[in-house]
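Handing you this structure, nothing more for now.
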Amino acid sequence: MGIVLGANHYGKAETRVFRIERDTDRHTVRDLNVSTSLAGDFSAAHVAGDQGAVLPTDTQKNTVFAFARDVGMGEIEEFALRLARHFVTDVEPVTRADVRIEEFGWERIADHDHGFRRTGPEVRTTEVVVDADGSHVVSGVRDLVVLKSTGSEFAGFLVDGFTTLPETHDRVLATSLTARWTHADGTADPGSDHWAASYAAVRRTLLERFVEVHSLALQQSLWEMGRAVLEARPELESIELVAPNIHHVTVDLSPFGLDNPGEVFHVTDRPYGLIEVVVERDGD
Amino acid sequence: MGIVLGANHYGKAETRVFRIERDTDRHTVRDLNVSTSLAGDFSAAHVAGDQGAVLPTDTQKNTVFAFARDVGMGEIEEFALRLARHFVTDVEPVTRADVRIEEFGWERIADHDHGFRRTGPEVRTTEVVVDADGSHVVSGVRDLVVLKSTGSEFAGFLVDGFTTLPETHDRVLATSLTARWTHADGTADPGSDHWAASYAAVRRTLLERFVEVHSLALQQSLWEMGRAVLEARPELESIELVAPNIHHVTVDLSPFGLDNPGEVFHVTDRPYGLIEVVVERDGD
Amino acid sequence: MGIVLGANHYGKAETRVFRIERDTDRHTVRDLNVSTSLAGDFSAAHVAGDQGAVLPTDTQKNTVFAFARDVGMGEIEEFALRLARHFVTDVEPVTRADVRIEEFGWERIADHDHGFRRTGPEVRTTEVVVDADGSHVVSGVRDLVVLKSTGSEFAGFLVDGFTTLPETHDRVLATSLTARWTHADGTADPGSDHWAASYAAVRRTLLERFVEVHSLALQQSLWEMGRAVLEARPELESIELVAPNIHHVTVDLSPFGLDNPGEVFHVTDRPYGLIEVVVERDGD
Amino acid sequence: MGIVLGANHYGKAETRVFRIERDTDRHTVRDLNVSTSLAGDFSAAHVAGDQGAVLPTDTQKNTVFAFARDVGMGEIEEFALRLARHFVTDVEPVTRADVRIEEFGWERIADHDHGFRRTGPEVRTTEVVVDADGSHVVSGVRDLVVLKSTGSEFAGFLVDGFTTLPETHDRVLATSLTARWTHADGTADPGSDHWAASYAAVRRTLLERFVEVHSLALQQSLWEMGRAVLEARPELESIELVAPNIHHVTVDLSPFGLDNPGEVFHVTDRPYGLIEVVVERDGD
């Protein structure tokens, strides 16, 4: 039984590109972190050290900068699609390109024409894959930190010999949400307005459902958030939610003669609950 | 010449305390990171291992949680003052207490009563020192990330045999600002409204002057920002500004037949310029 | 077309457990970061908020601590297997358990019985999955930072209109390696000696092949490293290598009248090449 | 009362320079992170925007690279002294230069001539200040993570109304030590052998005393460590030790019918005790 090369890909990670649109005195700015990764038949590069089919990762970086200049970026999904299609179409050995982009937010300071302040901590994301089957677009957000100060319970859970957790009917629910939603047909590019509107609507739905749902568990909140997104956005076929449970532990103040009616909490770092769930359309 | 104990202090760093004000259904939340450090005559603890004068750091943590409960926090300057005065007044061996607090921002989601979203990346800070001389209050902000897409130059600088940097009359100016301003009289506590108004005004002045000043160097921007703060706020005696220069390097696109009229930049991580400056009142 | 729950799992991430073996005065210490994740039919927890089938993540944490006490850990693969089998066997709703462990290294200070120093930066890892098909064990290492100061080339690569990189026949090759190797039959537990010997041999082979191979590309080095591991260790069926290319850029010192014959380099942070490759046995 | 410029300095932080000594086939490598900061009369740069006296931070970076080439680095104290003296001597407006260097460790893989592995997590450090008073050299180490699995107590401490901590006569003592020691006369440069021997001796003394001292408190351990360093090294006038107390909390396993005789611990992240102490010679 021989030893062979399995799945492999390579690329340039975290090219930090900043773009100013300065057609008028009122500038707009875009701040991206772009990672590209290419697959194809690169066996000679591995087995024989022959790099003849390998487009350098340095070239991939150059391509990101050049593409940022000559057309304009559009939304990150469009920019990723353009880059991924270029690699698959124009670079002969490449059969699959995976482009991931993070976008950092900026807002104007005092409505100034060219003065800006970073917003956050949330980051908008996309991952686009182009291969022989077409284009596949996932949009997302990470580090969307949300919290409910009430309206959250955790009770009626399974108990075994290692269970000491008391039930609670009023707790703090907090998470730093990562969400990724898959567009049903990524082959066409519906244009900037679509991508922008789709992103804004999903983000708004996630936030609103998080606060509105009376939560019997983080799992339930995530399900309701994901379901609402798919109900509202027919262009999406599924959504994945990854949610660390940022534990807020009620501090026992009784040794100091004080009660603590859900007012003072210790926020812990580790360990943390971690809930991961996909919500999708039936028949997928 | 003998060997002796020099300056020493000890405390509990980074107690993460979360506070819900729930007097009505419309909650407010406060999210703090509190560090306390005590000084006094603790030589026996070091030299003889005698801990009789040492209040455990665990107790300092407990005190933070208890104080968060029984009175209410007020602004972070007030909370730090209360804690620091307690340690100096009520704990006999302590002659000096240094309390540092970071406050993380939250805003309501869709004006909801108990649903919140973390803002950032900026963090509000304070450091309060109480000793025999009274109280000393420093307020501040860190990770206030700001950028101008034009209106910044760097030219006419000193040139030596190691200088290769070209002059520029239009560059991106960006920094992640840390600022700390000292209150002239920290002994009195002017109350929550004062601290809140002072912080808001300083932050607004820093942002506005950053964007308004046509910058001939980051040093000049910082000076103008600091000067404007002291002019606007008579309660302050000095301000310290620490500003890494987040370099945005214009990408040379000429190898690809493209110009780059100040539109596409590479954001670098390291190394970075680092400017540190104090602006103060004459006679200090 | 309805909306349904898709893949989901949940658990407790990053339980930091420290274990002292103190049967004799010569202690040994173990320092682990354990993450557990469970899958099964948890649809009621999501859709109806019914937690009756959900073992709390807090219980999972307790289980880690309890298991660390009563038997002894053995190698991390054994400890992960024990935990994963417990969850699948003893917790009725659980059909699949995924346990990941990181182990931080410590070495004795001056051969002392109970004094230790952390080593690093490398971290030993394992991931064990237990489900109806049996047990699946992956061992690994991360943050194994290695460098060759010569014996590395990159030339003869594909050139397109965005390529500016010059060829080089002598460069620095450096990476922070993450490697994960899959054991062919994870169902049996061959015991501590086997796991320890297997890990030590794979790590040694990775290091030795990295330095011995005259590298025509990082891809080639990784292939040769992976191939050598599989040749040497029949118990393994595949190995995955993830290798960021930590770029060491030769500094142009000619403006200062100095040559630079491969002696002075600037180490850059971002962007970085990222190579990912699987080496496996034929017929898998 | 006017507003004036106070203390100010500026420089280039974190220039990552890697150096290969390749006089023979048996290479040696050096991996540094260099930060420079200059002071002088830079009021015109701030107040008037006149950069005529300002040596760009880019030039400071170039100087680091050039100096790495032309002479050879020697120990980091020597390299920092050369850089700092250059800025004060050769750059007219500069009256004070502060150079900080971190050195990352590498060791040979299998005694190979040009293959290396990063060691850690500890990092060797220096800070050199040159001004009109001469040269001031501080050497140090950071992230030296050490642990005692027994031989540590904490009892007999001060108790107030907020104290709940039980006494212990056997606990785990762990810290990630930062130490900085000041050389009595930094003006002369005693040469590479001296710096290397001094560093090695201080590091060894710190480690050995940490494990040998039966600790009644972290404060006591630090005092004994610092005192031993000054006793052993007459060239040093003081040493500062900064030591976070990495808490290892004994897990209560009694709910699971298990005892825990000092064997299983939970390692917590925050909050943490933080002890800072200077040990110095009498009369300083």
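The chains carry the letters A, B, C and D, assigned in the order they are written, with residues numbered from 1 in each.
Simple rule for what comes next: a residue touches a chain if its C-beta (ideal position, glycine included) is under 8 Å from a C-beta of that chain, and two chains touch if they have at least 3 such contacts.
Note that the structure is predicted; figures quoted are calculated from it, not measured.
Common neighbours of chain A and chain B (chains touching each): C, D.
Distance from the centre of chain A peaks at D, each centre being the average of the chain's Cα atoms. Two copies of one sequence, chain A and chain D, touch each other mainly through matching residues, since over half of the numbers at the interface are common to both.
When the interfaces A-C and C-D are ranked by C-beta pairs in contact, the top one is A-C. Put simply, the C-alpha centre of chain A and that of chain C have 24 angstrom between them. One simple way to say how far apart two chains are is to compare their mean CA positions; for chain A and chain D this gives 38 Å.
Distance between chain C and chain D, defined via averaged C-alpha coordinates, is recorded as 30 Å. Shared interface positions of chain B, i.e. residues touching 2 or more other chains, are given as 15-16, 62, 66, 162, 164, 255-256, 269-270.
For chain B in complex with chain D, the touching residues are 1-16, 35, 37, 42, 45-59, 61-63, 66, 90-91, 93, 154-160, 162-165, 215-217, 219-220, 222-223, 227, 230-231, 238, 244-245, 270-284. Within the complex, the chain B residues that touch chain A are 15-22, 27, 29, 31, 62, 65-66, 68-70, 106, 109-110, 112, 114-121, 144-151, 172, 207-208, 210-212, 248, 251, 253, 255-256, 258, 260-269.
Taken in their complex, chain D has these residues touching chain A: 161-162, 164, 255-256, 268-270.
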